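Each of the next two complexes has chain A plus one other chain: chain B in the first, chain C in the second.
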Partner chain A sequence: MNLLRELLENLRQFIATIGATTLFLGRVLAQVPRAFLRPGLIIEQVHNAGALSLVIIMTCGLFVGAVLGLQGYDLLQRFGSEDALGTAAALALVKELGPVVTALLFAGRAGTALASEIGLMRATDQLTAMEMMAVDPIRRVVAPRFLGGVLAMPLLTVIFIAIGIFGVQVVGVQLFGVDSASFWSQMRSSVGVDDVYEGIIKGCVFGFACSLIAVYEGYTATPTAEGVGRATTRTVVTSAVLTLILDYMLTALML
Partner chain B sequence: MRSTRAVEISTGLFVLLGFASLFFLVTQITNRELAISGGSYQVNAQFENVGSLKPGAAVSMAGVTIGRVDSIGYDQQIYKAVVKLRISSAYNRIPTDSDAAIMTSGLLGGQYIGITAGGAEEFLKEGDRIELVQDAFVLENLINQLFATFARGSGDASKANEPAAEETKQ
Partner chain C sequence: MLQSVTAQPEVARSAATDYIVEIRDVHYSVGNRPIFSGLTMSIPRGRITAVMGPSGTGKTTLLRLVTGQIKPDRGQILFDGVDVSRLSRQELYDLRMRMGMLFQNGALLTDIDVFENVAFPLREHTDLPDSLIRNIVLTKLQAVGLRGAAQLMPSELSGGMARRVALARAMATDPEMLIYDEPFTGLDPISMGMIVRLVRQMNYALGITSIVVSHDVEELSILADTSYIIAGGKVAAAGTFVELKDHASEIVNQFMNGLADGPVPFHYPAPDYYEQLLSGKS
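Take a look at the complex of A and B:
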């Protein structure tokens, strides 16, 4: 009986969190036009979320591509069609690996930074101080950070994909000697602009979701050291789970 | 906090890198790169069976891509597939009696249209039709024939070789 009550309580809390996040999203979106009046703040956040994530995104992209080259080559050469490596790897990167891995890295690198920064502002009463000075913290702090994440994520995704394809090329063509011309021409003949759009749309949606979760968790963090830590953890976990669920839905939608 | 200038420069670099990657993806790995720059003209051809030919597939002569398949439609009057080919104006000396065949690149590769030059003095121009065509080679049909042969063969082993030999002659 206790177990059932606990389950119901958890369910109620889960639904309440979804509702609160949606309402919070409404408040942020309402401030977005005003946030654009101070583009400097947004640029700074694009820098924080995007430019500072560049090294990790590029390194991971290169190695994900290289592994794809190794595995893809090993698999395809069993069927004697290693020329299809370009196609297989490019489609995998553009449609799935690029957006999803970028979103996971983004949640780990930029999402946690956002959540802990805003959470710490809450814990040190900076947000309250702003409210007392009649500065809306959502407009001044949350909206620019949210927008920075939303703008940076699609760009990070395409960078990841481009570097990943370079990684595949390094392993497949340079290392294993797949014919360079057929690698590129098969890739070109079977990857359409639609596939690239699919990847970019996924990147945008994941960026939106991960940024929202990060700012929401930070903004509603319990104002203690422990609370900020918890908010950071929840950001990563929720972002990762939501990214994978959204990925399934988007793929089903666009297939 | 770092100076605003450094922030602006690194953000700018990041955005530029993003757009450069996007440009790379759209132009280098997708098939629209030969969206035929400059002028082009359209000719069409009627096939009994286009197999898995798709719009955007290459049209090539002697292995060189000279155009793309614009659209594939079905004409109810003649019960044939009508394929519209868009060919770059740079290649305007294709004889009118040239032959268009649907070919497959590699065993499992995509299909494309190969044009073999004829001997006529006149050249194809906008709206012309290529009369000589060769349909797609449908692997499934061949496999079905093969299975049919085997099925007959297992029924009556002594006659098995005869129909098989006939079919290979065809």
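Take a look at the complex of A and C:
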């Protein structure tokens, strides 16, 4: 009985959290038009969430591409199809690995930074001080950070994919001697605009979800050191799980 | 040019009274724990009013009620005749343009320097040119003695300096009422003296109303025109310091004289000491 009661309570809390997040999203979206009136704040946040994540995104993109090159070559050479390495790797990166891995890295770098920054502002009364100065923290703090994340994610996804393809090329063409002309021409003929759109749409959706989770967790964090720590952890875990669930749903929709 | 700073809030105002804030029979609970049960008090306009009481009696909660951060379960909180708890978010923001609040820790925005902290409400609410904002900010910082610290970051300030910057920021939009939440906590005697002097100066030079929430009896005795002591969810005593010193109430006597035991017990409620020791249970 206790287990059942606990399950029901968890379910109730889950539904309540979804409701609270939806209401929070409504408040944020209502402030988005006013946030666009001050583009400087958004550009600053695109820099924080995007430019400051570039090193990690590029490094990981390069090595994910390189590993894809190794594994792809190993697999394809068994069938004598090494020339298809470019196509296989590009499709994997553009449609799946690029958006998903970028979202996971984004949640770990920019998402945690957003959640802990907003949570600490809550814990040190900075958000309350803004409210007392008749400044809506949703408009001044949350909306620009949310938009910064939403705009930065697709850009990071594109960069990750580009660097990843470069990594595949380094391993496949430079290291294993796959024919360069076949590598690029097969990739160009097989990867269509729709595939690129799919990757970018996924990047946008994941960016929206991860940014929303980060700002929500930060804004609603318990105003203590422990509370901010928990909010940061929840940001990473929830973002990762939601990214993978959304990835399945989007893939099923766009197949 | 000024959008909201000079504009009167678009809320209905009753005829001006001698009291800028009136709290009428307020009840407020957190969960099952009652904080206030029939609190009634009035804050006179243009004076310094101290709100005192033992820790945990709800002094900060009272400030949150007055500023509309939380709503009472029952009763009325009137600011200049307007019931704060019935206002919409926008009306509340309009009303808050007439208030300034100094937080216990200063609550300065940590990613911008002292100058920008003081300029923050001006930049948010006005279209004033930078040159004018600069002059206003320097004037406010000069008033708190920190013009020379304009380029410092909040992390480079001492506790007393942070509170003085927060005071300059609270004054930036020339509010009618300043609220101080525990302004003396954790300050050295020099910083404490500075804050006491500033609170008095601001109040009488600018003709505003001040509410100071604190339990520093000595400082408040110099500062306050009127004082309230809150205990048990109600006003235990009200009056001047001289009146409170001679008050008949035991709890007021315990608080004013700093007695360790009395109506507010030294020991938190617990089972019998010897029985607990002998039982071996925690």
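Just so we're on the same page, the second predicted complex is superposed on the first by the 255 of 255 C-alpha atoms of A that agree within 3 Å, B and C clash if a C-alpha of one lies under 4 Å from a C-alpha of the other, contacts with A are read in each partner's own complex, and residues count from 1 in each chain.
FYI, a residue touches a chain if its C-beta (ideal position, glycine included) is under 8 Å from a C-beta of that chain, and two chains touch if they have at least 3 such contacts.
From a predicted model like this one, the values you see are computed outputs, not experimental measurements.
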Quiz item: Given the touch rule stated above, what does A:46 touch, chain B (first), chain C (second), both, or neither?
Solution: first
Quiz item: Touching A:187, do we find chain B (first), chain C (second), both, or neither?
Solution: first
Exercise. Name the contact category of A:124: first (chain B only), second (chain C only), both, or neither.
Key: second
Exercise. Please indicate which partner A:4 is in contact with in the superposed arrangement: first for chain B, second for chain C, both, or neither.
Key: neither
Practice problem: Quick one: classify A:140 as touching chain B (first), chain C (second), both or neither. | Solution: second
Exercise. Give one of first, second, both or neither to describe whether A:132 is in contact with chain B, with chain C, with both, or with none.
Key: second
Self-check item: chain B and chain C footprints on chain A, overlapping residues
Solution: none
Self-check item: For the chain A and chain C complex, residues of the former touching the latter
Solution: 121, 124-126, 128-129, 131-136, 140
Quiz item: For the complex, which residues does chain C have touching chain A?
Solution: 4, 67, 69, 89, 93-94, 96-97, 99-101, 103-105, 107-110, 120-121, 124-125, 166, 169, 173
Quiz item: Along chain B, where are the residues that touch chain A in the complex?
Solution: 4, 7-8, 10-11, 13-15, 17-22, 24-26, 28-33, 56-58, 106-110
Quiz prompt | chain A - residues contacting chain B, complex | solution = 40, 43-44, 46-47, 50-51, 54, 81, 83-84, 90, 94, 152, 154-156, 158-159, 161-163, 165, 184, 186-193, 195-196, 199-200
